[in-house]
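Dumping the structure here so I can ask a few things about it.
Chain naming follows the written order as A, B, C, D and E, and within any one chain the residues start at number 1.
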Amino acid sequence: MSDKKGKPVPLANEGLPPGERGLFCDAPPREYAPAAKIVEDFWNWARSQSLWILGFGTGCGAIELRPLMTSRYDMYRFGIQPRPTPRQSSVFVIGGYASVKTLKRIVRSYEQMMGPKFVVALGSCTINGGMYWDSYNTIKRIDQYIPVDVYIAGCMPRPEALLAGFQELKRIIRAGKAEGQNLYARDFERYKANQKRVIKDWNMPDYNW
Amino acid sequence: MMRRVLVFLAVAGLAAALLPLALGTGVPEAPGALATAYLEDAPGDFGAANVVTAIVVSYRGFDTLGEVAVLFAATAGVGALLTRKRLGIGDAEPADKPAATEILVTATGLLTGLLVMFGVYIFLHGHLTPGGGFQGGVVIATALLLGLLARPESKLSHGILSAVESLSGAAYVGMGLAGAFLAWGFLDPRVLPLGRIGSLVSAGSIPVIYSLIGLKVGAELSGILDALKGDRE
Amino acid sequence: METGILVRVGYALVSLFVITNYGLLLIGSMARISAKVQGRVGQPVWQPYIDIVKSTAKRNSIGHGVMFYLGPVFRLAGGVGTYMFIPAVYGSVLFRNFSDSGDLLLVMYFIFFGQLGMALGASEGGHPYSAIGVSRGLAQMTAFEVPFALSVIAVAIQYRTLDITAIVAAQQGGFWNWTVATNPLAVAAALIAFLGMSMHNPFSIVIAPQEIPIGPPTEYQSNLLGMLQTNRAIFNGAKLVLYMNLYFGGATDVVTMVVKTFLIYFINVFVGQAFPRFRVDQSIRFFLGVPTLIGIASVIIAAI
Amino acid sequence: MVNPLWLFALSLGAAFLLPLVDRLGRRIALALVHGVTAAWLAAGIFWLSILLSGGEAMDFGTAGFMAPLAIVLRVGLAEAAGVTAVALTGLLAASSLTRSLRDAPLGGSMALLMVLMGLSGIVLTRDLFNLFVFLEISAIGTYGFLGFDDRKPALRAAFKYMIAGGLASSLYLIGVIYVYRLADTLNLDIAASGTALSGPAGTAAVFFLLAALLVELKPFPANGWAVDAYETAHPGVSAILSGASATALLLALWKILPLLGPAHLSLVAASGLATFAAGNLVGARQDRPLRMLGYSSVAQVGLVAAVAALARLSGLGDGGSDFAAMVAGGLLLNHLLAKTGLFLLAGAVEDDRARGPLSPLALAAAGILSAALVGLPPFPGFWAKWRLVRALADSGRWWILALVLGGSLLEAFYVFRWLGARTKGEAGEAPVRLGIRGAGPVLAALLLVAAGTLGGIRGPVPDLLLWAPWAAAAVLFLLDGIPGRLKGILSAAAAAAFGAAVWGRLDGLGQFFAVMLLGGGALFSIAALRKGGARRGLYPLLSAATLALGAILAARTPLEFFFAWETMTAASWLLVLRGRDGRKPALSYIVFGLGGAFLLMAGLAAGGWDGGTAAAGWPGLLVLAGLLVKAGALGVHVWLPGSYAESDDESSGFLSAALSKAPVFALFALALSLGAALPGGPWTSRVLGWLGLATALGGALYAVYQEDIKRTLAYSSLGQIGYILLAFAAMDQAGWTTSLYLALNHFLYKSMLFLAVAGVIQRTGTRNMYEMGGLIKKMPVSFLSVLMAIIALSGVPPLSGFGGKWLLYSTLIGKGWYLEAAVAFFASGVAFLYLYRLIHSIFLGQPKPSQSEVREAPAALVLPQLLLMAVLMAVSVFPRLMLDPILALVGDRFPTTLAFEGSRLRSALGYWDGTLTMVVTGGVFALCLAWMLANLHNPQSVRQFNIVFAAERPLRPETTHYAWRFFEPYRKALGFLTRERAERFWDAFGTGAASVGGALRRLYTGNGQTYALHVVLYVAVLYLLLGVL
Amino acid sequence: MSILEFVSRINPVAASGAVLVLVGVWGVLARPNLFKIAIATSVLETGVNLVILSTGYIRGRTAPILDSAADASTAAARMTDPVPQALVLTAIVIGLAVTALQLSYAVRLRAAGGGSSIESYGDEKW
């Protein structure tokens, strides 16, 4: 995705009418190298202790996310809290099946998050299509379209399962293995091709900064 | 109704305003100083037996000149207003003008000359007897009126009338200037010898002026009458 | 003056360090107290630190333009500057800050410095929600400033000065010399205004997370967000110190300051937990109603 | 001296011979007519020259006799002037009449000759009956003249005219004969010298004379017949009727004044004033220009008659005849030329086929004529009105004064309304050119300018420096053809040169304001270079307004001040009018401007300004009120937003940044002239303070809801002026310092704002903020300028604006104005709203695709902004740069509470160290900036649509930019405060006046008989009043 | 004053003139016909002329014309005041001119098709 001098080649943004291309940034995603080991470890710890989630609640799984805020489950004590804008969130929780229509929004939201960013696929539908596996307009596997860090299976998983999943995510982050952002940048063409194969009315830039 | 009340009030108000004049001045007993001066000096100053004429033509001759001008302006105005074109009458003669009666036609034939002569008499004797240029001119115009009544289709020669009017007017002004240059002031009739009081040829240029006025007024009134007939070009 | 400028800068940095940490801890502990009220365990007290570190450690960021970047700088400078113009601890050289730059009026107006810059930065983000948030925030601000101004005027009348140090000095000598005792109405008006100023419930419409996600900072992320979070701590601290100085007798040492400001803030949070949210027009009318009357009453009392 | 009788002989001879001459050709006849008029004119001028150089008046008898036997004509100064005026009008009207006379029957030409001769006769004669004859000559001439070109409406009007004329002449005759009967003479002088007319009968006789003349002068309500004639007749005829005829009749009235007793004179005065008031009221409702001019005409004549009567009645002014001659004569000359010119001009342009704007020359003529009519300087009416007002004030006739000024204001309203409409014309129509028909109006205009200028320079304002605005306007207008940029440089140079010329004359206060006023003028002249092209009219007006501001500073007497003030008002009004949609705002600008000016005039004229104490009472309050109107205090601010918004962008800046300081200067001058006190005592201070505060709050609140960028700034100016007033009202050292500091600051940042906004408007082509957005990347310098300006304006430290706030609150709290302080705090909070909105909607948010090609503003705008930014920065870092001179200016008039200790300013309550604040802020800012930059990881610059948008992509920038009705919730909460009460009040006021006018004009039913009824009723009522008096 | 005295002070010529004036004014104000208005004006003027004459008339005196019966030396004692007579002459002529012109206008207006009533010529108003 870069020319010989290492300068990124602008994205074609062919989904946009020519007149609108100037409204969107056309820079491709980049991979970001981690900092020095000790610094990165510290940062990863901080990242794991401050999980700000962007809930994508179009499926039934979203209903299981809410109880986490309640006194009974109290996710705050783990440094987890909801955040209303992708810009400030680090964890993208996809709460249930994604249809062709919502996939577009998922991609856009994911791309708008600042790295490092983590994705939690919640429930069977996001993992393998679940009960909608033969539906004409749902996505079977979300990880074909964006990199997923943690899968929480179940139909639906209980809040306890969610908490377990977040703990797992924390572990992965601290281990420095949650590099979904770089993965996405590296395999950007594949992901994009997958996305575009499903989304027919593509009217976004190729990468949503 | 409101209007009538207002009209009544207006007229009543005017009457009230007139009242002190009617009451406060009463019937005069004797002429004032100015009138006395006129009565005593006029014959001597201008040799005119008719003091009124002396005042009209000389002392207040400027008024009279103005008065001629008024009549002149009115004639011009009437003439300008009442042209065929403006009245919307085409070239065609109005078809059914009632013919004059035999009596009128005959009397006109008899009277015209007499009237003109009478008019001339009046203005020529303006400095001696009651009357003068205006009165004479009016009498002359009456003759023309008779003619117009008798022969409605007849046309006055507008050109001649106008020329008479212009020339006599100019001559009047000329007499005024003559007074200024040859005598003691504008419109001073003493450019000619004053003559003996009471004779026809007396009072300086007063008879001349009155004659000019007579001609002019005659022409002007005729012109007005003609114009009111409504078939002026 | 007598102190060298470098020393003063050094003192100021120390003072700033203290207030930053204090502010962060204050936020953390308040969040924890809120959690207790709701029957939760709540986040760790040091969670604000972690959040800031995390934000700063973001690997990439986006920017909409120069003003977008400068917004948080203005904001943080506004917070720090406000604090710098307030003498934090009465009689302390260390915590005198740069309060000789100006009196109470300077502080009151410098508060706008950060808000204005932030508003501009948020605007350049181009997000309509930012502008909506700003419009709500400014609108609300004009309203809560009225009781606050009245209360400040009452204080100025009472102590015949606008010099904060002098105001604190006048309140020394026990509780009954504090403004809260001598002119409680002024304090009441000011505390109500404080609710609006710190955008706690019921006056949190500006950042209404559900309808206009988080308001002005919608587009802010990573380091820029970290600066905003830092500012929140410092700015909160500064305002609390100001309130303490004006109404609660100031502080002669850091401990007193901590206790007093904690209590002031606690009142705030306590109210916030108990009320739902006002719409903007409602909150404007609220502030211009009873609190303003209280403020006028306080001025009258002070003037008599 | 030439005997006038020659001229009568010439006129009459020519008239009598005209039919014969006409046979040679109409052109020759017309040449004769005009030649006779020219002879009259020559004689008149000749007489004037003799009499003015010390010749004695002469009587000329007729028929070799003098009075009482014969009719006597007199040539005195008034008569000579009258004859000149009549002949001049005749010649002026010739330009418009000649063509029609050529096509009409000869009667028209004769009528013209007769009318002019008759009028001259009226002027010259000393004989009452002769006067009647000449009245009739002119009347008959007029009757004929009205219908000469056969326009149907004029024929109808002529008949009505004749009915009234017949009534009047009958009344006159009755009067004359009884005067003769009682006084035994027809000569005026003899009649006046006796006592025979003093009894009841004499009074009644004179009353009839007088009533007839009054009716001829078209008094209210007995003037419908005249107005109908004015409207319908050939414009040349109307011009002669309104100009020459009125002049002659007024002279006739003036002649019989010696016959009149006090009761008569009171009647004349009352009737004249009523006519003046009613004529203008009805005129204000009139939308047919010629009829409107007709009403104006009767009104003016009424005023002149009233002045003449008042002067005689009880020695109004300094000594009777001289005063009457100067005032009545001045007013009459003004009316004569202006009305003649306007009738000719309006007749030429008010043609249904020509709805376009006027060509430049015609426009200049129309402007001069209208301005003269309204009594703006430097025309004769101005000087006359000043003396009149002075005399009225001196003699304590406040009601008459109010009536005169109120009527004048109404007149200004409708005359300028017409002028505005004609200036603009209807869109897409070709300009109206006058051709030969323009000769009359242009000549009239030139004569007015000459008369007024001579009268002024040789009279009350000999100081040529004060005439510089007019000279500059004239020169630049003559150079209007050269490239605009050259004129701009000339204009700026003129401001600089004028500044250099007056600098030495000014005291400290004057110099302080000169920097703003003249500097502002130069600045915006430079800014005007942003556009090429001729930009006709802009530079002459800008230069005139600038220099007029300078002249205000340099004026030394009340009259000089007022002269400069009105000059400034007029020039700035035209600047507003020049704006694209400037018609309506310009109208309200000039109406309020003149309203304020008239209050000022009344106050200044009332005297006591040379050290007396009288000025501390009502006169001072009147001046104060006038200044407040001009400053735009809340309630009388309605003229301000529109005119700032609709004028050219540089003009708006000039008006707001520079010109708005003129009333501020005048306020200080007023207070200083009273020994640093306000007129009317301490309550004035309190009321003024609250008024200023209301203005500040109102201005800010209004500004919040505007969509139009310039309206926002206009209201913002309003608010800022409010603060200046508030601080001024405090009347102590801190207050005045604050006021001056705010004024200078306002000049700085409002200049920056208007300059920046001018660039934005020029580049985007719109004034609606919501149609802009995201311009920061296209116009960074303008953005920076606006940013600094709004920081300064809102008073946020560390820029200099905070100094103003600090001073203000220190003043208010120190003064004990606590509630004021709180409200001021609120108002300054509200200011944030509109300021944020301004910068957000224009420069931030979503850029519009249609504005993708926008560039930075032209250098002519950017460079001044950079300069101003540097100045703003400098005074922010070193406040003493500004405050030291101001503190020196305020001096030790008041107890000192403000003092500098080094860079720290101390007040009674607190302290402020601008330099330290700036250093601390700068340091902290640098620290934060460094932190931000150090931790910025892999920043990616994104585009406008790269925003989170509920996981959608925005559809269009226009719908994504939040700008339209930005503060809607605020409107919901506090919008009720900004319902436009003042507008509604003035609208209602206007509607009220209009409905009075509307009711009055129902009198003019168009029925000739009703008019006659009015005449008779008028006479009856007058008689009744005579009885009462 | 008694009725008798009142009556005796009234100048009968002036009184009749005044009556004519009032009649003329009434006619002008109340008769809508154009021609009648012109005639009423004429009546008014006639009344005025009578009033003028009345001021010069002295009971028992002769016209101011010198003849054998009265020469210049006795004129002042035997003649009436000539001035009003001179004035009235001018007034009459002027009245005539006005009447003529007024009638022409009436003719002109009627010819233009507006009828003879003045009420139909009120288009110019307000």
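In this text, a contact is a pair of C-beta atoms (placed from the backbone, for glycine too) under 8 Å apart; a residue touches a chain by one contact, two chains touch by 3 or more.
These numbers come from a predicted model, not from an experiment.
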{"item": "Joint neighbours of chain E and chain C, given as chain labels", "value": "D"}
{"item": "Partner chains that chain C and chain D have in common", "value": "A"}
{"item": "Number of hops, chain A to chain D, where each hop joins two touching chains", "value": "1"}
{"item": "Pair joined by more contacting C-beta pairs (A-C or B-E)", "value": "B-E"}
{"item": "Taking each chain's C-alpha mean as its centre, the one farthest from chain A", "value": "B"}
{"item": "Label of the chain whose CA centroid is most distant from the centroid of chain C", "value": "B"}
{"item": "Most centrally placed chain - per-chain CA mean versus overall CA mean", "value": "D"}
{"item": "Chain centre separation (chain A, chain E; CA means) in Å", "value": "113"}
{"item": "Distance between the centres, which are taken as Cα means, of chain B and chain A, whole angstrom", "value": "118"}
{"item": "For chain B paired with chain D, centre-to-centre distance based on mean C-alpha positions, whole Å", "value": "54"}
{"item": "Whole-Å gap separating chain D and chain E, where each centre is the average of the chain's CA atoms", "value": "50"}
{"item": "Shared-contact residues (touching 2 or more other chains) in chain D", "value": "129, 133, 136, 140, 143-144, 147, 174, 178, 180-181, 186, 937-938, 940-942, 944-946, 948, 1013, 1016"}
{"item": "For chain C, residues that touch 2 or more chains besides their own", "value": "58-62, 213, 218-219, 222"}
{"item": "Numbers and ranges of chain A residues touching at least 2 other chains", "value": "30, 32, 85, 87, 209"}
{"item": "Pairs of chains found to touch, sorted by chain label", "value": "A-C, A-D, B-D, B-E, C-D, D-E"}
{"item": "Contact footprint of chain A on chain D as seen in their complex", "value": "849, 852, 937-938, 940-946, 948, 951-953, 957"}
{"item": "Sites on chain B touched by chain E in the complex", "value": "4, 7, 10-11, 14-15, 18, 21-23, 25-32, 34-36, 38-40, 42-44, 49-52, 55-56, 60, 63-64, 66-67, 70-71, 73-75, 77-78, 81-82, 86-88, 128-130, 132, 134, 197-198, 217, 224, 227-228, 230"}
{"item": "Touching residues on chain D, where the partner in the complex is chain E", "value": "129, 132-133, 136, 139-140, 143-144, 147, 152-153, 155-160, 162-163, 165-167, 169-170, 173-174, 176-178, 180-181, 186, 224, 228, 231-232, 285-286, 291, 1001-1002, 1004-1009, 1012-1013, 1016"}
{"item": "In the complex with chain C, residue positions of chain D that touch it", "value": "774, 776-777, 783, 787, 790-791, 794-797, 802, 805-806, 809-810, 813, 816, 818-819, 821-822, 825-826, 829-830, 832-833, 836-837, 839-840, 844-846, 904, 909-913, 916-917, 920-921, 923-925, 927-929, 931-932, 935-942, 944-949, 960-963, 966-967, 969-970, 972-974"}
{"item": "Chain D contact footprint on chain C (complex, rising order)", "value": "9, 56, 58-67, 69-70, 72-74, 76-77, 80-81, 84-85, 98, 100-106, 109-110, 112-113, 116, 119-120, 123-129, 131-132, 134-136, 138-139, 141-143, 145-146, 149-150, 153, 156-157, 160-163, 213, 218-219, 222-224, 226-227, 279-282, 284-285, 288, 295-296, 299, 303"}
